[in-house]
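Notes follow the structure.
Chain nomenclature is as follows: A, B, C, D, E and F, assigned in order of appearance, with residue numbering initiated at 1 for each chain independently.
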Amino acid sequence: MHEEFTNAERAEVLTQALPYIKRYTGKIVVVKYGGNAMVNDQLRQQVMEDMVLLWLIGVKVVLIHGGGPEISEMMRRMGKEPEFVDGLRVTDRETVDIVQMVLAGKINKTLVNLLEMKGGRAVGLSGMDGRLIEAKQKDARLGYVGEVTRIHIRPVMDLLGSGYIPVVSTLGCDRESNTYNINGDTAAAHIAGALGAERLILMTDIAGILRDRNDPASLIPELTLQEAAELKEQGVVFGGMIPKLDCCVEAIHAGVKNAVIMDGRIPHSILMELLTNEGAGTWIKGGVS
Amino acid sequence: MHEEFTNAERAEVLTQALPYIKRYTGKIVVVKYGGNAMVNDQLRQQVMEDMVLLWLIGVKVVLIHGGGPEISEMMRRMGKEPEFVDGLRVTDRETVDIVQMVLAGKINKTLVNLLEMKGGRAVGLSGMDGRLIEAKQKDARLGYVGEVTRIHIRPVMDLLGSGYIPVVSTLGCDRESNTYNINGDTAAAHIAGALGAERLILMTDIAGILRDRNDPASLIPELTLQEAAELKEQGVVFGGMIPKLDCCVEAIHAGVKNAVIMDGRIPHSILMELLTNEGAGTWIKGGVS
Amino acid sequence: MHEEFTNAERAEVLTQALPYIKRYTGKIVVVKYGGNAMVNDQLRQQVMEDMVLLWLIGVKVVLIHGGGPEISEMMRRMGKEPEFVDGLRVTDRETVDIVQMVLAGKINKTLVNLLEMKGGRAVGLSGMDGRLIEAKQKDARLGYVGEVTRIHIRPVMDLLGSGYIPVVSTLGCDRESNTYNINGDTAAAHIAGALGAERLILMTDIAGILRDRNDPASLIPELTLQEAAELKEQGVVFGGMIPKLDCCVEAIHAGVKNAVIMDGRIPHSILMELLTNEGAGTWIKGGVS
Amino acid sequence: MHEEFTNAERAEVLTQALPYIKRYTGKIVVVKYGGNAMVNDQLRQQVMEDMVLLWLIGVKVVLIHGGGPEISEMMRRMGKEPEFVDGLRVTDRETVDIVQMVLAGKINKTLVNLLEMKGGRAVGLSGMDGRLIEAKQKDARLGYVGEVTRIHIRPVMDLLGSGYIPVVSTLGCDRESNTYNINGDTAAAHIAGALGAERLILMTDIAGILRDRNDPASLIPELTLQEAAELKEQGVVFGGMIPKLDCCVEAIHAGVKNAVIMDGRIPHSILMELLTNEGAGTWIKGGVS
Amino acid sequence: MHEEFTNAERAEVLTQALPYIKRYTGKIVVVKYGGNAMVNDQLRQQVMEDMVLLWLIGVKVVLIHGGGPEISEMMRRMGKEPEFVDGLRVTDRETVDIVQMVLAGKINKTLVNLLEMKGGRAVGLSGMDGRLIEAKQKDARLGYVGEVTRIHIRPVMDLLGSGYIPVVSTLGCDRESNTYNINGDTAAAHIAGALGAERLILMTDIAGILRDRNDPASLIPELTLQEAAELKEQGVVFGGMIPKLDCCVEAIHAGVKNAVIMDGRIPHSILMELLTNEGAGTWIKGGVS
Amino acid sequence: MHEEFTNAERAEVLTQALPYIKRYTGKIVVVKYGGNAMVNDQLRQQVMEDMVLLWLIGVKVVLIHGGGPEISEMMRRMGKEPEFVDGLRVTDRETVDIVQMVLAGKINKTLVNLLEMKGGRAVGLSGMDGRLIEAKQKDARLGYVGEVTRIHIRPVMDLLGSGYIPVVSTLGCDRESNTYNINGDTAAAHIAGALGAERLILMTDIAGILRDRNDPASLIPELTLQEAAELKEQGVVFGGMIPKLDCCVEAIHAGVKNAVIMDGRIPHSILMELLTNEGAGTWIKGGVS
């Protein structure tokens, strides 16, 4: 891609974005950030730029992040071998401490720092801050892996109201001061629902939902809830895509207007999704668009 | 100019605008609109798009307009031949009624209508609304040509505070219920000063201030107040450019941060001025940038 | 009428107005202004004084005006002969431009100016400002004569909230940037309904509704909606009074508490209506007084 | 005085009050109420009507009252003979209890009740409420007669801000929970000063300051501070008028714009003072009018 | 009770109060104050300290007082013998004036003064202020004894909103400017209901409701509405306790969460009730705790 | 210490705290938390209870923490030996990552969790959130050890304004996205100064400043700035106490009213300091108390 534009071209592009800006200004958009877009430095810079641009044009953005690979790396550095059951990390007391340090200490603050450097104003939160995410144990065999029992959305609302980009680490807490590792997509769906967000964006490392899993050209750009249910039943949606689609559906039931499973490998995929006529991934439409 | 861009290119352009958006969001920009940009339909559409785009990204825009050619045309239709003394329209009682009708009735409402159609929210004002522009007679020979004696800026502030784009017709009023025809550039300078605007943009039909009046390539892109005074003294600035430069200088003394004499013939010149690294015209820098 | 009162008498009168002032302070009163009260200079001065007095004692007044005679006069000056079908002005493109100029440019700003001179703070609006009055074509034969399709009441509310007297020209707009000539009484009824006004006052050049059209002493001072319907059926209400009565009835159905068809030929008829025990005209009572 | 007016006359009077209403709306007016206007039932009714009318047209009125005659009467009923030294009531512990009961219990609540009945919204305060008036003993021989040491103006401001007419009994308190009898004029001057009132009105039972004490026609309608000082020096002002004039002068020094020694025996003297071109008494002008 | 604690003990006690403070902060608690706690000076000082402490930790306290003994005493001093019918004071015109003076003038202001001295900020109200308590005659034989017809709660809300402790004398007013003596418990129940208070506390001179009237150890600490009805039916509740229990029940029906008949003879009974695990008296539980 | 109190005793203690509560409600108190009070579990619980109690009674508390021992422990677990120069940790890139994880991830969130469990509402911040602490390198030999260059106090103000207890990790950031390890006492002094705090409390593991370092009974309870300077000069203050005293002095110069070097080993030392007549440590008085 050549990046040299005349200023006339720049102006032209900006005015073409007008109807999209109009549509999203003042609305809440929740982005679940992860995968390649978090690992690759250039993509990470672009996601942060996208977030700050949206924030500047008046979109109320909430950034929610996980951090699996960095957790595993830190565990290994501390001499613990990561172990998984059904794709979920077995999380003993020591592991959940590491999860907390890596998510709330390392990744969260690094993202906050990047957003500030790009010109945004950001504050990081974990599920403990203001008891944002209350959770309970999901399965005794997994230890401190939690499932969401309640969202106290006020800290996110307060930060949005004060003009910040909230950056959320998906840790959960309970009344006994335990900390839990929470699945990021699920937490994002809950938070987006509690906010009545205009859109939930789940960033992934795939193109979206394909009708034929071997044919990238068979991408399904848009689904109703009805169609989503059918595709699941028909086995078209499979593997790791199933929980992502479920998250989108639940978020819509909880009050989110629309959800997107977005290909995070594409540069500026968030901006394209929101500010052009072309999305990158599969869009699940709520009842009221 | 080709207008086909890929969405990736669009996203690229949008993120490149980030630092400029950051600089102007929440700031007040006063645009004195006139000349070719007002006569040519395509340019007019583009100016309105630019205004709405700036408004959407959080700039507090104020649009101030004159309307000389339309006034003359209406006078002729009503059987009155326009007459000028030193470039100023001789304005008898009947003429000032026509001026009022054309500015506050026709042009103002047409511009408001266009801004609304482009997605903005606009309300028109004249100098009588909330006594925005108080004036007195400038010269008995000219009749109802006024000079500004006082600006009551509150109606403009109230509309900005309520989220509208104020569109101002430059008519003046006095305590005896007379109406005056006020020079648009002067009124814009006064209003921008009263607002402590970040920038005053005077749209004209020339390239800006040229060092050599016969060489378009000799455009002076940027002037300090000191340099502006020297150029005037040296006779480099001449004719109709003198009062425009004077307006810019006075606006800066009155509290405006920077002023621009802008080439309104260039498409999207306002956006380019504010959102790219290239201006169209001559920029007069205030002491504190 | 002798106008010399002792100050003791003045004080007496003021205190007798107390219960009426109490009743209307903080309430919204919409006045449709027109006819003789607009043509006769002394009456016009008095109406403006009445409006400012009400505004000062805390009534939220909205002034809505038409301007038929001035439109016809301007048309003739521009060589166009006014033409009417069923009492409605045939309005071609050129005519609607004249309507816009006369209403929004001449009359609106002249009224604003008068209100300011009497000590009020006023801002003029047309149906285009903030898209206040959306309209569509009423009848192809009439050209740009519109009927109201939607009221965006927010600009009126914003101006009331900022402490101004909104003065409204009854022009309509649509999404294709057309302008329409709108019947003033109808527009007033719609706006009063959208505001949930305490009272709608339609100023006319007759005494009110007479039981016997030849006997001025047969004025009906007060009507329920039920009685209004009966009088129409019985043919007691006839001619130009029918649409006025219909406006009142519709306004009440839309949420206005009470409506009055008021004799605008009587000096200070608005004050008398609101601040004494004697109205001038016929009062149509809503269900909840 | 005949009290029958036509409604046209009423309207005429109301509009003539316009410029006066404009001048006082939103301003603070402090009325020290006492003497004949408090004893005579018809005058009392009229003062209450005046207060409510002013309140309705947006004046922020504060009513401050004493109650000497009722205190003496109550003392006698309880078998105590009032005793005075230099015109000040000797106030032992039992007497100050009676003062408190009569002022804060009887008069204050009766006035509040009357204001409410006339349509106002009033709340009574004493100098103990919110520690409004802090005081100390003036003279050991007088017992619980206090002089003002500090005004905590906030309770009055809070009530004005909540839209009430504050009615103040001039009792003082100290840090040892003693209660003091405070001179009403002095307290009014202090409170008006702390409020930066537009006007302080001291109601009395005389015509105002006379140049010749035997000639009612020699009333001095208006005085500068300079002239007031001279009149005192020349002995023109004498007796009980001296402390009243001193109160006015001190109030002006403390921030009140103007003060009036008003003839409270004239019906509706407050309204006449504020809403007509004729005052009743002597007006002491502050430096900035 | 020894009152010497080490500072470590003090700190310990304060932290043990934490859960109770948490429960009541921001909540409205209405205390009907009377009986021994008002007569005994030490108890009175302690009640005032309790009120101020609660106010400081964020409880919105409202103090409502009667004053029977002081009224009788004042009547006797003025040569009138108190007379009662069915426990209610026969109140002629002269008596109601005494009631007003004693309650609103003497007791109210003395309590306000005490609260201020303890560090609170208090303002006194009677039922006339802002027409807080509208009433009508209860029984012609009793004269000016009133029953509540309407509560205008706004003055209490305004004072709470401005950060004051409202102190209320239970006088009533009507539209004819009559004043009524109102039963304090009933007024407190009405006001607590209008406020939707968290708790109504009725201070009395008994231990609470006893199952066996001769056995102080048979105190019933807690009752449901159901149980309260049964106890009344069984005759366990009798005499003066019946109207007190009725007040509690009515208050709960009107929106109060819980009510307490509290033994006011115990030092700091209010603090103990609210900030420890031990109440003093009988607690009537509303449906939703 | 026995912990059984009667409820009467509890009430007594609570009322004795009244004057202290009054003094601090609404004021900002900044606590630098560390040392034994952070390591010992019982003390930690008590500090958290103290914070929540203060928060409940209306004190605006800010908790600032370091975490040296936990950082060293984590470094050792990851195979890095902590190294110090002049008492400052040598902090390479890898070490600063560990510092960030331990402070912002582990300790901060654990403290937030504890405060929430005790009934408070807390949100954690690091120096990166909202760019709270801008810093630059202190000494090239020390690597990422920073000194404060600027405090952006707004995130702390926003959280206090929204009713949270801000918990701050003392990390710094710069414009190149570097992270710095910042001395906790210094950061606390800067933040307290930017807040204009009523009091800065530095918790330590010593008794305070002793006149004779070998005699615990020689504790100096209170110092003026003048005396502090003299003690330093005389060598009475020495070693690690010098920078602590310097922090206090600088904080007072920056706008803090008073500062305390507090013995954090004493249970509930914060409550005792603020809510009783006995402090634990040495109090440095600012000029205006």
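The rule is simple: a contact is a pair of C-beta atoms (placed from the backbone, for glycine too) under 8 Å apart; a residue touches a chain by one contact, two chains touch by 3 or more.
Note that the coordinates shown come from a computational prediction; the quantities given were computed from them, not determined experimentally.
Novice: Identify the chains in contact with subunit B as well as subunit D, in label order.
Specialist: The shared contacts of subunit B and subunit D, listed by label, come to C.
Novice: Select the interface copy of A-F from among E-F, C-D or D-E: the correct pair shares over half of its contact pairs, counted by residue number.
Specialist: More than half of the contact pairs of A-F reappear in D-E.
Novice: Using mean CA coordinates as chain centres, what's the gap between subunit D and subunit F in Å?
Specialist: Averaging C-alpha atoms per chain gives centres 55 Å apart.
Novice: If you average the CA atoms of subunit A and of subunit B, how far apart do the two points sit, in angstrom?
Specialist: Distance between chain centres, rounded to whole Å: 44 Å.
Novice: Could you give the separation in Å between the centres of subunit B and subunit C, each centre being the mean of its C-alpha atoms?
Specialist: Whole-Å distance between the two chain centres: 35.
Novice: At which residue positions does subunit A touch at least two other chains?
Specialist: Nothing qualifies.
Novice: Answer with line, ring, star, complete or other to describe the graph linking chains that touch.
Specialist: ring
Novice: Mind pulling up the subunit C residues that touch subunit B in the complex?
Specialist: These residues of subunit C touch subunit B: 77-78, 97, 100-106, 108-109, 112-114, 116-117, 121-126, 128-131, 155, 158-159, 161-162, 164, 171, 173, 175, 177, 179.
Novice: Can you list the residues on subunit E that touch subunit F in the complex?
Specialist: Subunit E reaches subunit F through residues 1, 3, 5-19, 21-22, 25, 46, 49-50, 52-53, 56-58, 118-119, 266-268, 271-272, 275-278.
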